[in-house]
Every structure is written in structure tokens, then in C-alpha cells.
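After this come two complexes, each holding chain A, first together with chain B and then together with chain C.
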Partner chain A sequence: MGIVSPGFQGRPRSQEPALPPGQYLTEDFPVLSAGPTPRVSLDTWEFVITAENGNEFRWSWQELMALPQETPTVDIHCVTHWSKLGTTWHGVSLDTLLDGVDTGAHFALAHSYGGYTTNLPLDDLRGGRAWVAHTFDGAPLPAEHGGPARLLVPHLYFWKSAKWVRGIRLKTMDEPGFWETAGYHDYGDPWREQRYQGD
Partner chain B sequence: MTEMSYLDGNMLDGPMRELFTVDLSTAMGRCENCGMTGSMASLHVYSHAPGLVARCPSCKEVMVRLVRGPDRAWLDMRGTTYLQVPMPMEQTRPGPL
Partner chain C sequence: MATGTPARTPIRWQVGRLVERRVETPTAQTLVLEVPDWSGHLPGQHVDLRLTAPDGYQAARSYSIAGPVVDGPGGPRIEVTVQRVHDGEVSPYLIDVLGEGDPVEVRGPLGGWFIWRPEETAPVQLVAGGSGIVPLMAMIRARRATGSRVPFRLIYSVRTPTDVIYADELRRRVRDDFGLDVAYVYTREAPEGWRGDPHRIGLADVNTHGWPPDLQPLTYVCGPTAFVETVADLLVAMGHPSRQVKTERFGPTG
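Now for the complex of A and B:
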């Protein structure tokens, strides 16, 4: 981060101390989507982690539900400038899913039903900072918000929290995803306002 | 449960005019995925997103992505094989003297 204050760069100062720079608070839950909403039956739903050597680790819906569940309450920040504070989710930590996956990879590419992809450093999926979330505010996650299950990585801009998540490919090289190949930042830290490439 | 709505491809004309002088509403495009060729105005444009995503009305694959930053824009047309743009008739070249 530079030593120049945001004011000198012409960015609006946030009035809310809990908000990253350039964000405004919303009580709604805006629906953003780059395509038609996939409808995925729980009977056929699966989540698969593919290691860099091709080994696959699969969970059906029933198997996901049988894993230890967590209830994170987190703030979420969309790159389109809205933030929503104190959202409560229910799901399975990526620490749990990655436990037992033997990998030397440093990068991950999440992929979704419907074809969406987004890249993250694998470390950002660990340490109690990422979940496969299937419940929002006490109710099953609606399809328009990414249900049956979405990735939840709240410390990064929300486009990294892939809706309709189907799996994660572990990579030795960083591979940009859907928005990252169209100008958006490879990491996307809202507190450093990493919206676009080069930010 | 609400389905995400999309706009028709006519809405691409304004944003694309920032980059090109082509009138996209009269252009035809070929989908790289399914080969369907039709008016760019018939694309399905998803605009409630970090950028504009225009999809083929037939196979739903992405044909155009346009991201507008404050001081930069990114245009990805890898899903469009070609654009066919109407042009004014070329002047008849003078024949050999």
C-alpha cells in the first residue's frame, strides 16, 4: 500500500470505518449475474477438488452435509461498490475439504455450474477464511444468490465467492478466471481497493 | 424466485461507441461456439454484473465481455468469430487511362 492518503488520489473517503475504501453500505442483497441462473438438483450436485496431479476428491450433497458445519458471520464487499455487513452463513470450511488433499499447489481455480471461474491463491482458502456455503440467514441459499452452494471468501471482493460452485482445481501456476481475464484484479483485496489489473 | 433478466444487444451500442465508431446495432456477428450468425442486437446482455456480458441467444455462450474501469476498458470478443459491419459502397475506381 502506498503512503499517499486516498484523499490525494481523488477517491471518496468512506464514512463508515467498517467499510473498505470506495464502498457504500447496503441493507439489500443485490443480485449480480453474468448469465442465466443454473438450476442444480441436489440429487446430482457434487463438489470436486482436483489436485494438480489429477487426483479427484468428490462429495455428494449428502456427504457435504455430513461434514462438520460452521456458521460464519462476515462482511461482504462487492467490486461494484456495495458492502453488506454482518451476513450469516452456514457451510463447510475449505480447511475441512482440503484436509487430506495432498498438494504442493499454490493456486486455485474455482469453477461453477454454468461455466463461471475465478482464481485465488490456495492459502486464501485456508486458515478459517473460506467456506462452501449452502445456507444464508437461516434459509437454503436461493439459486439467484448461488444456491445450492457457493464459495464464500469474504476477505476478497465478492466475485471471488463463486456462485453455484462445483469444484476447485489446484494449480501450480495462477490461471485467471472469468472476470480476471477481462480486466479485474487477480487477487482482489477490498481493503487495498484491488479492483482492476494493476491496482 | 426471480430469474436474472437480460437486455437485448441494442444496449451494447452506447458502451461500444466509447471504443469504436461502428454502429453495432446494424452489425451481424458469428458465435464462435455454435456458429449461429445473427444481429448483434439479438444478443442477451447481462448488465447486473461487474461488466457487460453478451451471450449468444442460441447456445448462451459468451460472445462479448466489456469491462469499464474509471480510466480503462477491456473488450474480450474471443467468443465472436467475426463482426459483419455494413459499410458505404466503395467509389468506383477509375479504369486504366
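Now for the complex of A and C:
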């Protein structure tokens, strides 16, 4: 426990659902990005998984839509301290996309239209815990929230859920992405409050 | 010692103390915090402030640092400017309750992207919406403090003249800091004698008061999400490369 702040009570706690440490609940959907929002046409959109041996597995928008779709309802946690509970998405599980990709890699580097990157262990993209999501709350995902499609990995801080995702490179060595290079944590577990390098 | 390069060592919580507060507008105040082990920061970086209730409950929020570190008698001081968020949990406490000498936990500096390095030579354009001025003011203050001669242009969108944070200082700096231009956009109510009607920021404002793309400026945009989206889209449409446009957006964050 930190130093008590004289006169600070905080919001009433009784009805607060369990949140990771240092998080607060929001009903809004704040936006955090480092630059202008890229606009990506569905005609040219593609998603590519690149294995460590250079083999590529590509899906057009139509091909992605033809895959089995899931409807996860999940809690999301942003490193800027807000959490949003019970968000509902539509998308394709990474289990489906990685099925048939022959790899011995342990790490993944997601990359996006606009140049954003973020790294995660490949295992965290498996086991029904990660999706390429294209619909939020029943409507096409707005561009400022990462549309046409973003990665959704809700068990990690939300910067790992790369907006405008274009592909995933599978790696034998971990390679820090955009925010990770700027001092944010390589893994980013909100329940262990892994916000910054060294946490 | 300025940081801003990737911090591979842990950034620890430390105890800061309020040593001074300044009223900036009816809804914004600057808090001067003495932080004895402060390691230095770059303009544009932010801190997390954390409050703890008697039962151990904690609430933390991020605030932009408003200017260079200041040497005080008790050690280094940093300044943050806090905008009151209606129904907020942390900002009303910082503005109404936190007293001089009271402790507040501080973690930082944080953020290694939305920063301006005084050794940069490209012209700079800053576009602020509301309290988005804070990290941009840190850049304006650092420019003067380091003797940089890089030309700066600031476009500052506010609701009304009374919402202008740092109003007197900006007036003074336009006069004294050679190479700094400031243009205002008023969205609700313009001052007496202002030419034109209140309006939301648009292409004409950015085109008239910003730098053209062929000067290859560095651009920093900070404000509420809708404001940043609008301005960043305009800049890209005008031909500024996305990579030269750095943004920081905030929604209501209490």
C-alpha cells in the first residue's frame, strides 16, 4: 500500500467489479494511438502470417469472412488505466488462422497498416485467447478503434491488441515492438501490472 | 540528465509533495510537485499520479508534465497541469483537496514517443485542443530554456477566451521568444473584436497557421479524440507524412 493521501476516499467500492490493480472503470471507449489513423480499403486489405522460414499465409477480406466466426465478450484493460468490461466483438480466432501454419517459433510480432508493431509470445495467441476482430458491438469496427480489423488479445494490456492489423511475423527471438521499444513492458499482463519495462 | 530512451530499469513510484499551486483557468490548475529523486525528462513526457485511500484503495491517472524540471530548495520540482473532469475521481481531489506539503505518489517520466528533442532542427507545429496544450507548452518552454532557435507555430483551439491555459505566458512568449507564433481557434465564444465566428478547427486554420509540408515540419497534436482525429486527417490530406505527425489523444479520464 502506498502513502495515504489525506482526505482521499475514491469512488464507492462496494459495487465495483474486480479490476486489475491501478485500473478504473469507464463506460466510454477512449482512443490511444501514436499518429494519424490509417484508412484501409477492404478491396486491398489482407492479413498475412509469415512463418520463421519465410512461408506466407494470406487472407483477403472475403477469405477472412468465409472462415468460422466467433463472438467473444471480454474485458479490456488499457495501460492508461481505464478498463471496459463486457465488450462484444466478432472475429476469427487466431487458432483458426494458425491452424496449418507449421512453426517452431515462440514469439510473434504483429504489424499494422501505418507501421505500428507489437510483440507477444506465440502461445498467447493460441488457446481461444486471441482474435482478428472486425466488428465491435454489432457494427463494423470504426477506423479510430482499429478498423477494418484489429488484433484482440484481451488478457494483455490493450496496446498488444494491434489496431489496423496487417499480419503477424513468427519469430524464434523476441523482438520489441513500437511501445515496447519506447519503454513499455514486453509482456503486459494487467493483473501483474506489467506496464513498463522492469515491472 | 534527460531520459526518453527506452527505460530498461524499473521506473519506481516515489513520493512527491505539493509545494505550490497556480490557478490557470476556472477549471485548470498547475500543481508544482517536489520529487527528490526525479531523474529528468523530455518535453512531451507524462507522469502517473497515484492516490491511496485509508483502506488501501488506489486510483492512478496520467498527467502531462508542463515544463522543464525546476531546482527548488528541497530538490527537483516538476509541474503538471490538471483539468477538472466533471464527476472525476482524481482531478477534483488534486484541485480541491490536496494541500501544500501533502504527499502524492509519482511515477515517471513515462512515454518515449510524443517527445520533442531540443537538438532537432526541423520546424515544429503544435496543435492543441483544450488541455491538450500541456505537453505542447512543455515543448515551448523547453525551446526557450535550451536556447533552441527552431521556429515553432502553435494552433490552440479553446471553447472561450477564459479557457486559455497559460494565456499571459503565451502572450509574453510570443513577444519575447523569437520565432514562436500562436494562433487561436475559438469554438464557442470569441473575444471582443475577433474577426470571424466561433468554429471548430478546419483546413483553413491548419493551412493558414501551420507549416506547409515542403518545410518538412515535425507536428505534435494533442487533445480530445475527435479533435485529434480531425486535425491528423487534415494534416495527412495536406501532404504531411504520417510518420511526422505525432498524436496524443485523451478521452475523459477522471
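Assume the second predicted complex is superposed on the first by the 182 of 199 C-alpha atoms of A that agree within 3 Å, B and C clash if a C-alpha of one lies under 4 Å from a C-alpha of the other, contacts with A are read in each partner's own complex, and residues count from 1 in each chain.
Quick note on the criterion: contacts are C-beta pairs under 8 Å (C-beta built on N, C-alpha and C of every residue); 3 or more make two chains touch, one makes a residue touch a chain.
Fair warning: this is a prediction, and the values are worked out from it, not measured in the lab.
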Touching partner for A:182 - first (chain B), second (chain C), both, neither: both
Per-residue contact with chain A, leading partner among chain C and chain B: C
Chain B versus chain C as contact partner of A:68, first or second or both or neither: neither
Which of chain B and chain C A:22 touches, first, second, both or neither: second
Which superposed partner A:38 touches (first chain B, second chain C, both, neither): second
Contacts of A:82 with chain B and chain C, given as first, second, both or neither: second
Overlap of the chain B and chain C footprints on chain A, listed as residue numbers: 30-37, 80, 144, 179, 181-183, 196
For the chain B and chain A complex, residues of the former touching the latter: 1-4, 46, 48-51, 53, 55, 60, 62, 65, 67, 69, 72-74, 76
Complex contacts: residues of chain A adjacent to chain B: 30-37, 79-80, 142-144, 159, 179, 181-184, 195-196
Touch list for chain A against partner chain C, complex: 1-11, 13, 21-22, 24, 26, 28-38, 80-82, 114-115, 144, 178-179, 181-183, 196-199
Parts of chain C lying in touch with chain A, wherever the complex brings them together: 6-11, 13, 15, 48, 50-62, 89, 93, 97-99, 102-105, 110-114, 225, 228-229, 232-233, 235-236, 242-243, 245-247, 249-254
